[in-house]
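For reference, the structure is listed below as structure tokens.
Labels for the chains are A, B, C and D, by order of writing; each one numbers its residues from 1.
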Amino acid sequence: MSRLYATFKYTLISVWAGFVVGPFMWAVLTSFKDANGVQGGATYLPWVQYEPTLTGWQNIFGGAGGVDVVRPFLNSAVITLVASIISLALGALAAYGLSRYRFKIGFIANSDIIFFFVSQRIMPPVVLVVPFFFLLQWANLLDTIPGLVIVTVALLLPIAVWVMVDFFNGIPRQIDEMAMLDGCGPFGAFVRAILPNSVPGLTVAAMFCAVFGWNDFFFAFRLTFTEIQTLPQAVVALNSSIPPWWTLSAAALFGMSPLILLAVWVERYLSKGSLPGVIR
Amino acid sequence: MNRKQLTKSLAVPVAVLAITVAGCSGSSGPEQKPDKPALFKPGSEISYAKYGKDYPTTKVKDVPGPCSYESISRKDYSGQTLKIISHAVPVIGEPTQLHARQFEEITGAKVEVVNVPFGELHQKILTPLQAGQPAYDVMFYPSLWIGDMAPYLVPVPKEYLDAPGMKDVTKAYLGVATWNGKVVQYPVDGDRHYLKIRTDVLADRKHQAAYLAATGKQLRAPQTWAEYQEIASFFGGKDVDGDGKPNFGSAEVTKRDDLVFSAFISRAAPYVKHPDVTGGVFFDVTTMQPLINTPGFVRALEDMVKAKSTWPAGGANFGLGDEIFSFGGGQALMSYSWDDAFIQAQQTDSRIRNRVAAAPLPGSAEVYNRNTRTWDKIQNQAPYFTWGWTSAVAKTARNQKMAFDYLCFFSNEANTALDLTIGRFGVNPYRNAHFDPGFWQAQGWSKDVATAYVNTLSGMEKSTNRVFDLRVPGVNEYMSSLANGVAAALAGQQTPQQALDAVAKEWTEITDRVGKDRVQEAYRNVVALEDNS
Amino acid sequence: MDGLRRHKSMFLLPGLLTLLLIIVFPLLFTIRVSFSGWNVSNPEMDFVGGANYVKVLQDSRFWAANLRLVLLAGGTVLIQYLIGFGLALLVWRNVRARRLWRVLFLVPMMTTPVVMAAVWQMIFHESLGPVNDMLAKLGIAPVHWFTEAGPALAALMTVEIWQWTPFMFLLMLAGLLSLPKEPFLAAAIDGAGAWRTFWKVTFPLMAPVSVSAIIIRLIEASKLSDTVYVLTSGGPGSATESPGYYLYLRGLKEQQTGYAGSLSLTYLVLMVITLTIVAALLARAFKVPRQSSKAKEQ
Amino acid sequence: MTLDATDLSLTVDGVDHLKDVTASFQPGRLHTVIGRTLAGKSTLLRVLAGLQRVDSGSLTRHGADFLTTPVWRRDTAMVYQQFINYPHLTVFDNVAFPLKRAGVARDEIRRRVQESLARVGLTEFRRRRPSQLSGGQQQRVALARALVRGAGILLLDEPFANLDYKLREQLREEFKTLFSDQGDAVVIYTTTEPAEAMMLGDVVLVMHEGRIIQTGPPGEVYDRPATTTVARIINDPPMNIFTGRIAGGRIAVDDLQVTRVPAHLADLPDGTYQFGLRAPDIALASAGLQAEVTFVEISGSETFVHLALSGTGFVVQIDGVHDIALGDRVSMRLRPERLFAFDHSGALVRSPSSGPGSPEGR
């Protein structure tokens, strides 16, 4: 590797890293400002250009001027977790069926069923939200965690199926056959022989589920009233005509913290080499 | 253990379980607990200081009455939940949260508050109401939605109407809260648009002389929109207040999905509200023909497009918050909208405290007469009573008494006195008591500033040539359509005439969709207020 | 495993039925409501025939938004692909602090779009944000990020690229890491340079991953609305409205449920057709062999 | 205790994978199925295992219908050509897997697994994962797992095909006794290699294009291939087949006299026949038929020389490594006493092992 190329390479990497980090840095800076730190124009250096305060952070942890984020955080965590588990379970089962068996219902074949699953992602959320409202009202599940879990499953299931079909296609089917020859029923073969070998695939699917579940704002916002608030809602509740940018920044940083840990976790799998085969 | 004892010991948990289940199912209805001893003595000192250093240390006295700290703290609402929807934090959202916390502290109730951005509030409130879903007990929303909300609201009970605080609400704002003869909204805010100027520039001798030399005119608070434009252009882009940063002539709310429609109506009011013409400003109330594309409105939009040159960077996409920061932060020299920017400028830590003044909205030298289809050359003023925040209790509320107690507590004299001084709360004068310069001087305002402020506000109350919001069912659609038209013209996508013609066409469609009779009936109420009949 | 046909539904049905149960009612509801005049003032399921669809055809704002989406989604996804692939190549191997870069490059994808858009709004703020401030320090006049159509689109695309390049990066990096070593050895033995190796070995091997990554991103990008909602609210005028945001305006903000229903269905049909064609074209452009049905028979 | 297949047929997309396959597999015997790639061998095993349905035909076990018996109740073990093991389990757990499923007691499992691992020589690797083993070792694990439970049917689908030549021979030797030592089990072993089929099998089934075209003990199949196709399949290199005429005590290809008529063909009437001759039965000589070298393969201790003789191709196997260039003209000599004679349809008429006057029957 020539020195010129190395310089070029590290320059590019650094530029992009700067672009990635910039917004976070700005959010961090802003979270320690107050109205006076924001009004005059852009300031960068704490103590020098503005007097740092903890107001923003106090406001999200029970300060009267903000919105409490702890309960929404827990709500988001529960909804994301439960919906992800259900989606992964149902999605992995369906994906396994689609990977191993041929389905033919009229003119509908496997690829059409897979397309049906994936096509749910094409559906703009706006289409679904009004009928979902009536659906959940009918089931008496508006403003409840189970209601949101059901809706979130509809969002996540297609992702789980998409990732897992590809993954199972990559596992030799002789393994399930052998398990059945060894005395497992079809379900046993799936559970005992395939699932234990699907950890990388499930990891990727779980990551996508977590990202899309955690970050859903649209449905949570419209299908809840006062009891259940999710984290994105808590942040958006600060988007007033006079946005308290410091509180908004603190809430934003707090809200994204768990998923940043997720990025670290995914990278570990990448580096260990367990994931690469999964995402093809 | 004999059999009897056994039965007994089993029965107790079963009974407990049954009670719990009944409690959970909510079918038992609100239980009214007897009063408890008051936590406050009459006339105790009230301060928000303990809630954080964001709050002023000002202390006020609890004013005796049914809504006072003392009276409300007698109520025992323990074990009950009050569900509230309000605007995003901080505007009206923060006082909602704050008073909810206080209400919890003194009554034992559990209060759940959800804060929603402005653009979402309407559907977030209306969807469950229409679906019959008991989502919220108390709702805070812009008062102009009364036409959509009224069917789902509980009229304010007499005992609250008779409270001294309510009796003191000005006639105009009680009118705003009334629908078909019943007070269905609980007034918590009184809003209007007025002009805000920087006196350290506009009343400065040096600047006045320079202005006179350049234009041959006196520099003063602009009396017409043409004058506003002239002054704004003259000072625009220069550092005239000596803070090292350029100043700009005007800051206005121009963002489409924010409140641009209100700003536009303020600009249009003197062109379209002819003192001698009755029967509606937005529609001809007899035919329900939209008037939004008549020459008066078109001229106002042309003015607004011209004014772009006097706005600061980003001024063509200012939300209310931007406008507040721009004027309140000392960047823009003039502004017109709600009180917030003015209060922001008057905050204790503000650079431009007491260097500002309030004045009536600019008028015009001529006004369009839609009966004669001519421009009449008369000096015209037309204050715009644009919407303010209001609150109401839903018919589906489980404990209406608790809900009204919360609202009456929210707006009790002590709370309101404190709320009025916190700019970001968005709570503005709506009681006669607030129109007293002494009240504001007590907050550290200079006498001139306080007097001009109070005179401006009460002058609006006294005017007979006023414009009110289009308080009809579907108002959001009308205003959204208007905002689209104004935004298209400001963005240069269409000429003002084209844009407003399109709006007029959409308005006709909306009227047909909502039902001409319903809109007309509602609009008659507005016109009656305007025509002072 | 056709010998086991009796058992196969056991796998597919739970997931399929769950999704069908959740989706069918909303879909039927939307179809039905699109033929009604349901709106905020008259929330009733009446029947107005195809009136809504006639209106859709004449709704120039809707069609303009669709055209804009071609630029917004197509443009950003293409840039995301190029940058994502480039970054993946850069940190694929032989790079110091590799894991740090990788985590860093993944992070934006994990953040909530509405929340990040609010942060970006502060950053692009025309008078209080750091971007214009830094431009000013470089002697460049302030850019009207949210008040001129061009800059507003640029801001929107910047945010989209920031948020979703990591997705491409992840898929491309995983693809690269799973490549067989032999073709590279062969290329090295043939004495192929880096450039030639890339075009003759890496790129063709990455074609299938590329196509599927681009398609998935296109699907997701076509729904663009959260970011528009917070960042520009579709402005100035209607210059940055995406179909998703326009649907939201009509359907939820103005609550013209019936009309929004017909807009939604029109949009859905458009998207399915477009994406199908795009998928076919991409596969041809990347010379990916047409994949046969996934369930192979032995 | 037999496994009987009758008229099994399977067509997929117009291609016959199995066509009227009828065979009876006996307990305690090792059946080798030989055929080229895609001859239907794997399909047959998969049908027997229950992994593949058929279009028609029947399959019975102990006289009872076996087609409707699900895979997991067929008491069948299988070893694949690919080294298939459970990647997530250790070697020990891999081998123990079928025993656990069968509900065998713990101690018993340990005993049998250890014994099994010892037999394949993997005791020291029992804690490793399959991915940490070499190909040969992985296949030993698969074998151990197949053998450990003493299944009633043992199917081996070209188990050594993916191993290198040396290892293949070694394993084949090692396991010869193991396969044939399965008690009452029906053992079926598929292969493409004639030597393997002959060496291991008690019974050899020759498959071609979905059909079983000959069944019999190895010696019989080897000595008397029923058709030219069989003759090609069961010899490596495939038996040289050429068309010639018997006339006047001489055999001629086109106009070229190639050899005299040997004794065992002496009573055949004059006419056109197809003749078969194994590669080792042709020698290069200093004088004889002139042929042109078209290809030379050197395989260890042998050299295969491909020759063209007036349009007919021959493969000659000679010992040792020889330096022969393409395009050389060489002389070759056929050993007439090793000639097979087939009629024009390819059916065997005479083989070297049958005396004069004893027509071949099937």
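Throughout what follows, a contact is a pair of C-beta atoms (placed from the backbone, for glycine too) under 8 Å apart; a residue touches a chain by one contact, two chains touch by 3 or more.
The model shown is predicted, which means the values in this text are computed figures rather than measured ones.
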Chain labels contacting chain B and also chain C: A
Per Cα centroids, the chain farthest from chain D: B
Pair of chains with maximal C-beta contact number: A-C
Chain A and chain B, separation of their C-alpha mean positions in angstrom: 38
Distance between the centres, which are taken as Cα means, of chain D and chain A, whole angstrom: 55
Centroid distance [mean C-alpha coordinates] between chain C and chain A, Å: 15
Junction residues of chain C - those touching two or more other chains: 1-2, 4-5, 127-128, 132, 252, 297-298
Junction residues of chain A, two or more chains touched: 38-39, 41, 134, 177, 180, 185, 222, 236, 239, 243
Two or more partner chains touched - positions in chain B: 120, 123, 127, 258, 325
Contact set on chain D toward chain A in their complex: 49, 51, 70-72, 74, 76-78, 80, 82, 84, 86-89, 97-98, 101-102, 145, 149
Footprint of chain A on chain B - complex, ascending: 48, 51-55, 83-85, 87-91, 93-94, 97-98, 101, 112-118, 120, 123-124, 127-128, 131, 133, 135-136, 245, 258-259, 319-321, 324-325, 328-329, 340, 349, 424
Contact footprint of chain D on chain A as seen in their complex: 172, 174-175, 177-185, 188, 192-193, 196-197
Complex interface listing, chain B residues touching chain C: 119-120, 122-123, 126-127, 130, 148, 255-258, 312-317, 325-326, 331, 473-474, 476-477, 480, 484, 487-488, 490-493, 513-515, 518
Chain C - residues contacting chain A, complex: 1-2, 4-5, 7-12, 14-16, 18-19, 22-23, 25-27, 29-30, 33, 83, 86-87, 90-91, 94-95, 98-99, 101-116, 118-120, 122-123, 127-130, 132-134, 162, 170-171, 173-178, 208-209, 212, 216, 219-220, 222-223, 225-226, 230, 243-244, 247-248, 251-252, 257, 260-261, 264-265, 267-268, 271-272, 275, 293-295, 297-298
